[in-house]
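A quick write-up on the structure given underneath.
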């Protein structure tokens, strides 16, 4: 299949779907707060590109979405989709969860690989892969002034960390890059799906009653 | 008039007034939360320079306010003004609204032009013009943990988008730069004023009851 | 003593302790919101490195923590420490306050010195020193959607400003760099401790009843 559509186009399609799914989650979250269309579009876009943007600022390159307008179109499509198929969207919950997980897997691959290619240390690449996958959703939650889900939910960020570590080890040991990409994305996607299915979660840090 | 005071000085005066007006809105918002003087100054400064700062990080140049201390003085003046004329400030509401709109118009021009001059794509310039005009106010709202007004209010960001598109088309078609600047700023200012006067707003995205 | 352990190692030890103390404050704050271990680690790390990261983005260099993994270890140690000695941590309140103040002093020195060394204007260095010391805590508060303490509490940021101004004047007038560093850190630490002891605070900006 990768032979058939070509490596670049395969990744492009997945990236478009991932961006679309991330944007959908942002637009829907915005709709629960009665944002206007511009606000919903912005939250959707920020959710989709936030992680990669922070990564690019950290590694010192122009944010990726400034070089290709496909991310704007994916977000616009997500906005239209939520408007047109609002009732369906809820029924399609699981489909979006799958897209979202696939997007997560791909974002982790892209973020880790890009950082390694710029010759940062392996542990930096792991952090950048994790940021690429998870910072957009965190930003979405901050923008609607809600405590980021990521700090309290299932193994979301940990799926990123595990995938990014796998990719980095594969990269260092000369694994074929396409195999490494597909394996890493699969690990992230599976970890996320299994974590939700079996309600895996990290232990909570029990709180002191108050502080300061 | 532009002849008379010179192009640079004319823009400088407007930029100072715009910065002052943006800072006033930040300081006043901080005062509703009983911040101390340092907090109020910080919120005022961030409101005034936040948009241009994010733009400069994205296009990869040193944030503009690190190269000229006039923005600090404009913010300090805004803080003093709110302290000294507190009761008057409320009565001057409409004057500040005008300053704020003028500042918005100029910020959009500056942001769009700077991005085009660095040879980014036209649509990137439109986004950067919009960010320059509207991100400071969004940051102000996040810092006081309030859902950003921009996501729920009148045609604020849309005025930026319309102006930035106009400027970009004018720029591409070789329009005289000063005429383009003045026309763009006027479009932003008028759109904003008319939007408030006639309560124009974008449709709201009606919410699903809950999500996740 | 500086002779004995060497300048670099002395600063390194202090920086490790400062990072540790900042991370502790982040982890503890996260624990009051029942974050999971990943969330607590992230908040601790962001609290510790947030200020220096924003500074580095502004002055255009790679964020410092991407070049040395000691900050990750300091945060991990902080997390373990809070888990293992939870009840003790409350009793050690004052010890952490001291670490935190020492860290603050050092962060201000590092931030101001790094900016001056890159030949930015003195007033830019003062702002960068202040950001280095205080932005991490602000970010911590935003991430847990709480109005940043810094806008309402004792002379925290002002201690940074005073220290950064002292260092900048010393730097410009050719003071011995180690003496300047120690003196600056001491000024920040003492100002902070005295401010808390004697409940110094800046005047509050009394609020208008509502705005917009």
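Read from first to last, the chains carry the letters A, B and C; within each, the first residue is number 1.
Heads up, the rule we're going with is that a contact is a pair of C-beta atoms (placed from the backbone, for glycine too) under 8 Å apart; a residue touches a chain by one contact, two chains touch by 3 or more.
In this text, all values refer to a predicted model and were calculated from it rather than measured experimentally.
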Superposing rotation of chain A relative to chain C, computed on C-alpha atoms, to nearest 5°: 120
Chain C against chain B, contact positions shared by both copies (same if over half, else different): different
Distance from the mean Cα position of chain C to that of chain B, given in whole angstrom: 31
Touching two or more other chains - residue numbers and ranges from chain A: 57, 142, 145
Chain C-touching residues of chain A, taken from the complex the two chains share: 57-60, 120-121, 123-124, 127, 138, 142, 145-148, 150-152, 157-158, 201-212
Chain B residues touching chain C - in the complex, by the definition given at the top: 27-40, 42-43, 53, 57, 62-63, 66, 69, 72, 82-83, 86, 89-90, 142-145, 149
